[in-house]
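Shared chain: chain A. Partners: chain B in the first complex, chain C in the second.
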Partner chain A sequence: MQFTKLLAVSVTALTVASPALAENVLRWTSQGDALTMDPHSQNEGPTIAMNGQIYESLVTRDADLVLQPELAESWEAGSDGWTFKLRQGVKFHDGSDFTAEDVVFSFTRANHEASDYKEQAKSVTSVEVIDDYTVKLTTDGPNPILPNQLTSIYMMDKGWAEANNVVAPQDFKAKEETFAVRNANGTGPFTLVSRAPDELTVLAANPDWWGKGMFPGNIDKIEYRPITNAATRVAALLSGEVDFVLDPPLQDVKRIETSEGLSVKTVAQIRSIFFGMDQGVDKLRSSDAEGNPFKDAKVREAFNLAIDKDAIQRVVMEGLSFPTGMITSPGVLGNTPENDASYGFDAAKAKMLLADAGYPNGFSIQLDCPNNRYNNDEKICQAAVAMLAKIGIKVNLDAIPKAQHFPKIQKRESDFYMLGWGVPTLDSHYVFSYLLDGEGSWNATGYNNARVNEITKAITTEIDIEKRTAMIDEAWSLVKKDMPYVPIHHQVLAWGLSDAVDIPIAADDAFRPRFAVMK
Partner chain B sequence: MFFFILKRLAQSVLVMAIVSAVSFSLFNFVGDPVNNMVGQDATREQRLEIREQLGLDDPVLTQYSRFLGNMLQGDFGLSYRIKRPVDQLIFERLPATLELVFVSAIIALVVGIGLGVYTGIRRKSWISRGILSVSLVGVSLPTFIIGIALIYIFAVHLRWLPSSGRSGTVDLGWWKTSLLTVDGWRAIILPAITLSLFQLTLILRLVRAEMLEVMQTDFIKFARARGLSERAINFRHALRNTLVPVITIIGLNIGGLIAFSVITETVFQWPGTGLMFIQAVDFVDVPIMAAYLVFVALLFVLINLVVDILYFVVDPRIRLGN
Partner chain C sequence: MSHEQPQERPQDRPLTRWQRFKDNDIIWSFLHSPGAMIAAAITVFSILACLFAPLIAPFDPFDPSQISLWDGKLPPAWVEGGQPQYLLGTDNQGRDMLSTILYGGRLSILVGLAAVCLGMVLGVTLGVISGYVGGVTDAVIMRIADVQLTIPGILLAILINGIGRAFLPLELRQEFAVYVVIIAIGLTDWPQFARVARGATMVEANKEYVQAARIIGLPAWLIMVRHVLPNTLRPVLVIATIGLALAIIAEATLSFLGQGIPPTTPSLGTLIRVGNEYLFSGLWWITFFPAIALVVLVFAVNLLGDWMRDALNPKLR
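Entry: the complex of A and B
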């Protein structure tokens, strides 16, 4: 032991003695690498995060998720669309100017058949050049939340795309990779220096960036090394090989906190975890009960009361979650303290409700659960199984990888399933249209409330913010009463940081290097 | 001889066809790639359309024959995940895996044979007993636990070696090597040891058992009687006679090393074919999975072929049997 200490000291001494680096290099890691550098090809977390350091959108969000001007300096709504005043003097990394033409081009590209952003961009039906630095985005009817939908529609240079034959994103039938998969030319604060997928991606500060001096960040170089294995990722932080881990596993958070020179930042994430109950089918597929017990609101309430959300928070999540009574998080327009309050835990009442509904001895059912998607997903399901057993529900748990789990929901093959939902637009419409509208593509509960459907439609065009917010509240109150889902909690994000660097944590889990400061 | 090889080759082709067919039919159970290929906002129509474009709704047999046809034309398709040609991806990743396998094979051989001989000769010393008990760890602990333990000891606690990744690579144009720099060697030590432990233990125990047996034979007794030095007896006579089965095992186990490298590469973020395969499974990246499995099958078949030919050369009974 004496020997190792001596060695450790001498190694440290050596490191200290070596000449100090002139530049601030931020080394960081997370689980997955960007899939492509093409900004319109993959709507996926790590890809958006990586591309967002190189490319920029018209409107962005700061670490508090407040909308901020980026390539547009200002915007205002009209009856049939929005007008954006563009920032002047912005240059792409290859030196060409950013103008209104590039905005037109980028929206056309994002709306292309092969784009993975067409759902976000589709409400923009045409883009009109008013002058070099003014564009008008015409929408299909009034759109009160258009700027919210534009934060990950990145702007590309028309000339560069044409010269490199990447006018359209790569489609699935393609036989060859396109130039934009491994090359990037944005307007952002960092330029792509080198890239070895799954190994190392190096970005350097863009000396000609428009925002130079306007933000606190002082990073000269970013080295990103994805590390798939969670334990290895934490080891890299503990050993000082990286300064920042975006996604340490929750069970290691305490260990990082207690290590010298390291700290953990946490924030409530914009992602809620819940169970869906299919009340739509006439006969449950996996149950011994006759017909469909979930059609009875009492059964749905019994499920909500039988699952002890606080116990899950305490035991399964080690405190790192926020128990809830709704399926969207604080920070999203529509989340109110009243609706966010959990349904509580009352096994006796739950049992009584089941008896009232005609199931005094309970029934059996299968719970479909992913085992590699959300924080402790499988363990939450296991806890729910035990809790439901106490009111006589025999749950058969099927915990499988996400690649098999999500198709079950998509194909409406599940009676009872776990799902998590994040809201990139920070507006309840995103939740309604996918999870609560009768036709919602992720609504596998069969929930179909005429008024909720109506509100989902109305809030896409209602410009009067007060009226719109009131409608959103009304819909959430209906959902609170109807209980198509069993809300469990909002996830907590934890970032592991070395004391040498300060990065503001954000609820959308995005790393914003322009605010990162090396001490 | 020529006929023998021809027969073996024909069998190999059959084996490859079966392996690829079986693995291909298994892909249907891995999950739905489309869900990973589009964002959560994609509509159901868009998902269906992509399924159709990729031909995922065709019968497995149709998909398989399409895959075979394309493969025979040298077209392995584009990765669903990273949208790059699969053969190119595999060849980019292959040097990392082969170097890792090479270094760990050397470790397993040198250390395994060395300790095997030692424990075979000094079988009663407490060092031998110690080595044998520790070697049990090598066979009984799963690779990822050994890997994580090594990372915590040598990277986190002692900080002697990097915890993961492959650094210090030099691009030779057709081969990216990390064996030419100090950084590269520092990075390869931990994964190579992790990968080698299982084979090392196997070789150690095999050599020891063979040594014990050979030491009892008459020609060793004669050698003793002739007054040869212990050194000459142990290494020139005994060891040589133990090596025949060892070489056979090693030949077969190189394939095993490549297969085991999947786990080691994941733990150490070693950017080889194994890590790529695991990520492909996670994503249901069928083109990569299919090509990788065919590639591994080819490797096994080739190694077996070489071993068979060696038998043919070494063992006259097989020749006569023909």
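Entry: the complex of A and C
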């Protein structure tokens, strides 16, 4: 009797539950959760990608990284700024309208002291409301690439922010906790249902989204569970616990590919990996050599020739990388096939160059390397140690977590270091200003070429695209000749997917659910 | 059972040196315990193989100029795709597994031995002082030991290791990583030695020969070193043998957690850690062989320690 009752109850429960099963629920995972839901607090890849499902910007990029209208329908450049025509009838998740006032508010917020988007937003000196659906962004001088810089400046509702006391962005460094950290009110295709950082984030499709029907996506609900351990992440995909793994370890890609019902998508990522050599100091800190060997271009060339980029690609990266001769990827304006070609591998010539430069027996040096940042970062460094040993360079490897590695570079305290660089604006200026300009805040090589510095400055205001591109080319050719860096490769992204879902892979490693289709 | 008592012998002729050696209680017990003999054989073989690694190993895995990345991730020679010069395959960087295990085992054994010696010297010194002097000194030393025993050894080792690294300047860290690990493990296992040495000392201290030594006015330190210490060594030796196995495991654990020996000069634990990342992709040999080597070595040393405890403890016979 008891049993029949129980059975009846379960059957009823099943019948009631089954409509829910018909929903398209996408379960996915990656290594690290978004740091915060506050859209202006942390300029970090996973955070931008997560917030981009809830919040929207004026201009966005599709999975091919082509600029697309989002909250702005069109834009045009003027002599002192850009005018944006806003999309009409857009509502925030709480029901309030999206208007020009919200754009003004969002730019003020993105330029706030605590914002991490000041670099992208600071050229916008004022936002002027022309009418409810037209805004003019005045810039400090002509800015030819402003739309490129706006793709991760998300629009927030002024009323909601004021009501919840989050007019200023969360001060992440001070570990501030505000309402906007665990709650979100955007205009985007998904609303935040629940948020438990580092555990589970649930998003539901926004029924009132402006883009409904304009995109192929058919996901009703997204469940995101970060899993730190790489092997556990892969196991979750293999066992069907998740439908999508954003970052399977490269050595497991083959295993996923050959598993039934699973597939792997790969794409060249906009991120290049390279070694920097400090030619700026008079005496290297970690070397037994007299003075600074890196001042001699022959030594820098020898280092470039000694690294077997193809071996690293084949063995360390499981084929998932593109050996290169420059420090920015295809897809970024300024990357050309001529400059992208690798310097090649020639240990004999490298040894000769070292001898020519006065170091027939080589010298010792420390290589600073992160061990938790880039794909197989520490293993690449280990491989480089062996390769440089063959031309007589004795390398001491110091592989440490990124939190300790990066400050060393920014303080210019490293002789020889690994760094990777992505380019969110897809324009070389981002690379020049940080890595090649003599004053660049991430340029620890001491490289200081007057012409490159000049070009870095000139291209910020040059609106003639042809002239601008020619200058960028010229600078890259100078860099190719001067060799301040040892370019290794461009990273390749690999996403592990169940066959039940189709998601177009994007070179910026961002998951765009509006294009995700469940079969 | 009291086979060593001379009055039971049938003949009165003086014994030859070999016979006397053979009839020594420990040797007798050893020769009648196949387990102990096998364990000793494996231990001696492992230690010799590792000590003479530079002569036996086909490659020097610690010399980066001998490594070729193109030979990375090769399976063992008898598996399809394997190459004869790499009998047990290669790791992800192209190092020969066999050579790396021999060199890595050497590092593991050396770290284990050094750590045990450090723990033993420290522990026995404190233990003998504690047992002989007694009173407040005894109470203080033993309470410190008690407190330390309540903290799991590996946690303490990680703590000491972390502090050691923090105090070293960056450029010296890699060079001194091995010594830091030795100190970390050595400082972790002294309480066992101290307790055993103290117990033995307290028994000896009341015996007549020690009292006699006191009466003729020998200084305390001389009595401790000359008379007490030698008589505490039997139980200490047992602890040391078992401690060696534990120290090797502790080193492997630290290295497995990424806290120990850096991957450029791998120990067995480091090798297992590196290989662990490749288990899913089918490169089983990078983890399997070092792990087997570690298990066999530790098992043999443990068996040996177990036998020694039985052989040296008259109460158990």
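One rule holds for everything that comes next: the second predicted complex is superposed on the first by the 494 of 519 C-alpha atoms of A that agree within 3 Å, B and C clash if a C-alpha of one lies under 4 Å from a C-alpha of the other, contacts with A are read in each partner's own complex, and residues count from 1 in each chain.
Everything below uses one rule, namely that contacts are C-beta pairs under 8 Å (C-beta built on N, C-alpha and C of every residue); 3 or more make two chains touch, one makes a residue touch a chain.
Keep in mind that what you see is a predicted model, and the values were worked out from it rather than measured.
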Q.
One more residue to check, A:T36. First (chain B), second (chain C), both or neither?
A. first
What is the contact status of A:E378 with respect to chain B (first) and chain C (second): first, second, both, or neither? second
| request: Please indicate which partner A:L200 is in contact with in the superposed arrangement: first for chain B, second for chain C, both, or neither. | output: first
Query raised in the report: Given the touch rule stated above, what does A:A231 touch, chain B (first), chain C (second), both, or neither?
Result: both
_After the superposition on A, what does A:Q170 contact: first (chain B), second (chain C), both or neither?_
first
Practice prompt. Go through the superposed model and pick first if A:K349 touches only chain B, second if only chain C, both, or neither.
Written response: neither
Just chain B (first), just chain C (second), both, or neither: which does A:E241 touch?
first
- Message: Looking at A:S441, would you say it contacts chain B, chain C, both, or neither? Reply first, second, both or neither.
- Response: first
Partner touching more residues of chain A, chain B vs chain C, is chain B
Query: Can A:K91 be said to touch chain B (first), chain C (second), both, or neither?
result: neither
Check: chain A residues flagged as touching chain B and also chain C 231, 235
In the complex, the residues of chain A that touch chain C are 230-231, 234-235, 249, 251-252, 254-255, 286, 308, 311-312, 314-316, 366, 378-379, 382-383, 385-390, 395-399
Residue positions on chain B within touch of chain A in the complex are 29-33, 35-44, 46-47, 50, 53-54, 75, 77-78, 80-85, 144, 148, 151-152, 155-160, 162-166, 266-269, 271, 275-276, 278-279, 282-284
Residue positions on chain A within touch of chain B in the complex are 4, 7-8, 11, 35-36, 38, 41-44, 116-120, 170-178, 181, 196-200, 225-229, 231-232, 235-236, 238-241, 372, 401-404, 406-407, 410, 421-422, 434, 441-442
Interface with chain A, chain C side, in the complex: residues 63-65, 67-70, 72-73, 92-94, 170-171, 173-174, 262-264, 276-283
